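Please go over the structures that come below.
What follows is subunit A paired twice: with subunit B in the first complex and subunit C in the second.
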Partner chain A sequence: MYVIETDRLTKQFGNFTAVDQISFKVSSGEIFGFLGANGAGKTTAMRMLCGLSIPTSGKAIVAGFDVYKESEQIKKHIGYMSQKFSLYGDLKVWENIRLFGGIYGLSRKRLADKTDELLHTLDLEKERNTLVHSLPLGWKQKLAFSVAIIHDPKIVFLDEPTGGVDPVTRRQFWELIYEASARDITVFVTTHYMDEAEYCNRVSIMVDGRVEALDTPSVLKTTYHADNMNGVFQSLARKAIRGE
Partner chain B sequence: MKQFISFIRKEFYHIFRDVRTMIILLVIPIVLIILFGYAITTEIKSSPFAVLDYRRDDVTAKLIEQLQASEYFELYKIVDSYDEAETLFRQGKIRMLVSAPQPSKEGVIGIEVDATDPNEATALLQYATAIISTSDIVMRNPDIQIAQPGIMPTVNLLYNPQMKGAYNFVPGVMGLILMLICAMMTSVGIVREKELGTMEVLLVSPFKPVYIVLAKATPYLLLSVINIITILLLSRFLLGVPIVGSFTLLFSVSILYALVSLCLGLLISTIADTQQAAMLISGMALMLPVILLSGMVFPIENMPWILQLFANIVPAKWYIIAVKNIMIKGLPAEAILKESGILLFMALFLTVVSVKRFKIRLE
Partner chain C sequence: MLGVQIAHITKTYRDIQALHDVSLSIGEGELFGLIGPDGAGKTTLFRILTTLILPDGGSASVCGLDVVKDWKEIRKRVGYMPGRFSLYQYLSVEENLTFFATVFHTTVKENYDLIRDIYVQIETFKKRRAGKLSGGMKQKLALCCALIHRPDVLFLDEPTTGVDPVSRVEFWNILDRLKKQGITILVSTPYMDEASRCDRISLMRSGKCLSIDTPDNIRKSFKKPLLAVQADNMYTLLRDVRKWTGTYSCYAFGDSHHLTLKDDTSNTGMLKSYLEGKGYHKILIKAIEPSVEDCFMELGDNV
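Let's look at the complex of A and B:
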């Protein structure tokens, strides 16, 4: 069963084609890496899938809903965490959880259970009343991810979630991603770190608005005769014509 | 509804946990009222004057006494020659000279004022003329006339008999503060979310953009209600400005004006990308016109026509007129139909424009 299906999805801004006829399918519970150099069209593609931007042409079904007509439904069934920090620094840990729980319409009972569960999993029980801006960055990112999936969405979109985080914390962050995936939440992640690309089930690489390659990391490495994903990425990104 | 409440609660946390915001909300209104009520005043108090006395009889003595008795004037010196008086004028020691001629000559009492500040000069002239012409000793001496206007007008000051500056400034300060809180704070609040990146997260959530904006504006609307009440209490009991007209009416027109300000704030938030830019735009494009072009400090009637024309699009102008009509003159609702109509039109127009722009920004 696919949770994301796109067919020749295109977005143009005037004469500029930011996303050029991309077609792919993502299965339920899959960890899907969405790679590309800056300006390759990743963010625009992701915005269309989140229901924030209406495509120029092509088709896209996200979580069973059409991106043209049912963006409100899509928003209810996805989670989102951006490269910029997604929580409010001047709110306490539990206040942030309650806010997003409230926005996604969780019942009081479910919200209380979720809060306890989440704080327990993240080992943040002692920090319940701490203002988020005084937490270390790694903890913030983990908290932000957990809050992004507080409503058990079908898909969670992560836009460079581990920017500026040290390797150890990144590793821990990926453990959370695996847990979410085990709970059948599809993870759609963009990243600049090629070691993270190796953790994905499948990886797509965008160049100049088109999906140039899409497969499992091991197949990609064989196809492009590379030792690691960095090699694959370099040989593809070199073809890019347009800059940043 | 539940989403809405969670969101408004969050906004209040932002407000209460930010010292800068709290200062703007709580301290600035009080400071402005006190500043305009006491420090920045156009009232005349204890202006120094000199007397050039050729008459040297009880008439002059009586006049000096009566001028002194008013709180407007204070005798600086009795001079012996016109040259001496002129020197004092030049040195800025005196603002006014009263000359009493010898009874044998034409019995004209002369008043001369330093007109460097024309507003002050006019006021001094009026006060002095009024005091001298109504003085019983002058009335009993038909040979004495005042060198001032040939026809002596009867002065009757309507609505503000003591000519208190606060009557003019309180409505102005209300216009300023509501604009400050509703427009500046709302625009900065929305732009901050854009800057931090949390706006994206909110837009991806099922919470509709319209509600994001409404939820942002609601706390500021509530706080401005508190501020309206604070200002009215301060002006009533501290500055002694009465509320002659209907309180409900005054309150309603204030809310209408607050809504216009909120819409302006929203519009600014769609233009500005950083909090500093939002602050600067609201400062330059909103605060300055409120202070300079609303009639709060400078009378609009005295401006060149192009500025008068421009003043018409400053919402504060209409609000201040309406507040004065209700609060000071005690007029009924019919008297502010035009002003409220214009404010209502502005609110609707700005809502349409900013909602449109807000949508474009989302694309």
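Let's look at the complex of A and C:
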């Protein structure tokens, strides 16, 4: 069962081909690393997959819905979190959970249960009434992730979720990713930390709008004769011709 | 003693202690790194040294000038690249550069040699508005603007955050070249792997400088034995290794888990049979040298 299927998906802005015929499939519960240099086309590709940007050509089915015709359905069945935008700092912890749960259409009863469950698993029960902006960054990130999957989506998109976070919290965050994956939620994640690329089931690397490599970290390391994913990334991304 | 001297600096914002008795001595021409996550106090320290805010206690000097008394003179002598993009969005690349040169009573031409390497990479876009540049190009322009008056000391606040690994390597190569020109550089980063590019580093956390030394010495100061462990199921392996009696701590590190042992009495043979007993296959265990990130995490435990 594939949760994402793309076939020659393309996006052009005028003469510029930001995303150039990318084709790949992502399975249910898979942790899929989506890597590339700045300007390689990751953000444009992700926007199409989230139903925020209509492709120029090609096909894409996300969570069973067509990106051209059913973008509103896609938005209901995915979760999204980025380091830049995730929670409202001026709302309390419980208010953020309530807001996002409401947006995703959870019933009052289910929302109440989910709120308690979430505060308990994150060990945030004491912070229920704390304004989110006064939480430490690491807690914010974990809360943001949990809120992004509050509606049990088929897939969650994480756009550089761990930037600036301390090393211990970064690893705790990945444990949350593994738990989501074990609950069969597909995790589609971008990161600039190459050690995190190793934690993915499969990794794709975009260069100049194309998916230049896609495989498990161990196969990629063998193919590119590299000791680690940083080596793989460096040898592929250096081939880029176009600037940012 | 020129360069940057910091003695017992403290700074509090309402109930948050941003800096807690920070002392550092950065030599002339040194490339010094402040390594730590968001909230460690790196930006506050930069803002004090660039005379934008006042410390609550302690003293600091830049190029031998006091950050409180001689703020006017310091501002002429330092270049500052803040973490948040702070150029003029509606001015073009060229106009921004000319503006900063003019403010410092100089011209782009006069100091062009210093920025040439960096500027040629963005020159194609010199007519483009700064706000329309991509992240990596904004960063290069910001560095040019911080350098255009030929500062003695350069302060770079997280210049590589959100930048891809290839561009990060390029940026550090640029810093190496600037260092060769004799510029003192204080740079902050949340990426632990960049620590090795610095002459000396300070690991920062929660407003404190926890450890100040060369990257090599910091690595050597790691006291406990460290192992890299791999097996067929890495996720359950992490949990099981943490439950083992000889384990002090265990964290995921790319393709293996780094296991810090309580002491030398626990050995790899014992670990191997423990894991075999749990049904693991393809078990690989080897002793490794600690990285700066291992050291940082070890320090974190003691805060």
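Just so it is clear, the second predicted complex is superposed on the first by the 243 of 244 C-alpha atoms of A that agree within 3 Å, B and C clash if a C-alpha of one lies under 4 Å from a C-alpha of the other, contacts with A are read in each partner's own complex, and residues count from 1 in each chain.
Note that contacts are C-beta pairs under 8 Å (C-beta built on N, C-alpha and C of every residue); 3 or more make two chains touch, one makes a residue touch a chain.
Bear in mind that the values here come from a model prediction, so they are computed numbers and not experimental data.
Peer 1: Assess the superposed three-chain arrangement around subunit A: do subunit B and subunit C clash, or do they fit?
Peer 2: Overlaying the two structures gives subunit B and subunit C room side by side.
Peer 1: Just to be sure I read the superposition right, which of the two partners does A:37 touch: subunit B = first, subunit C = second, or both, or neither?
Peer 2: A:37 sits against subunit C, while subunit B stays out of touch.
Peer 1: Please work out whether A:167 is in contact with subunit B alone, subunit C alone, both, or neither, and reply first, second, both or neither.
Peer 2: In the superposition, A:167 touches subunit C alone.
Peer 1: Looking at A:53 after the superposition, I want to know if it touches subunit B, subunit C, both of them or none. Which is it: first, second, both, neither?
Peer 2: The answer is first: A:53 touches subunit B but not subunit C.
Peer 1: In the overlay of the two complexes, what angle sits at the CA centre of subunit A between those of subunit B and subunit C, given in steps of 10 degrees?
Peer 2: Vertex subunit A, arms to subunit B and subunit C: 80 degrees.
Peer 1: Is A:192 in contact with subunit B, with subunit C, with both, or with neither (first, second, both, neither)?
Peer 2: A:192 contacts subunit C only, not subunit B.
Peer 1: Check whether A:82 is in contact with subunit B, with subunit C, with both or with neither, and answer first, second, both or neither.
Peer 2: Only subunit B; A:82 stays clear of subunit C.
Peer 1: Who does A:24 touch here: subunit B (first), subunit C (second), both, or neither?
Peer 2: After superposing on A, A:24 lies clear of both subunit B and subunit C.
Peer 1: Does subunit B (first) or subunit C (second) touch A:229, or do both, or does neither?
Peer 2: In the superposition, A:229 contacts subunit C only.
Peer 1: If you take every C-alpha pair with one atom in subunit B and one in subunit C, what is the shortest distance in Å after superposing?
Peer 2: Once the two complexes are overlaid, subunit B and subunit C approach no closer than 10 Å between C-alpha atoms.
Peer 1: Which subunit A residues lie in the overlap of the subunit B contact set and the subunit C contact set?
Peer 2: In subunit A, no position sits in both the subunit B and subunit C interfaces.
Peer 1: Could you pull out which subunit A residues touch subunit B in their complex?
Peer 2: Residue list for subunit A touching subunit B: 50-54, 72, 75-76, 78, 80-91, 95, 98-105, 148, 157.
Peer 1: Give the list of subunit A residues in touch with subunit C in this complex.
Peer 2: Checking each residue of subunit A against subunit C gives 36-39, 136-137, 160, 163-169, 171, 174-175, 178, 192-195, 198-199, 217-218, 228-230, 233-234, 237-238, 240, 243-244.
Peer 1: Looking at the complex, which residues from subunit B come into contact with subunit A?
Peer 2: Interface residues on subunit B, with respect to subunit A: 2-3, 5-7, 9-10, 13-14, 17-18, 196-198, 200-208, 362-363.
Peer 1: Sort out for me which residues of subunit C touch subunit A in the complex.
Peer 2: Against subunit A, the touching part of subunit C is residues 36-40, 124, 134-137, 158, 161-169, 190-192, 205, 234-235, 238, 251-255, 293, 296-297, 300.
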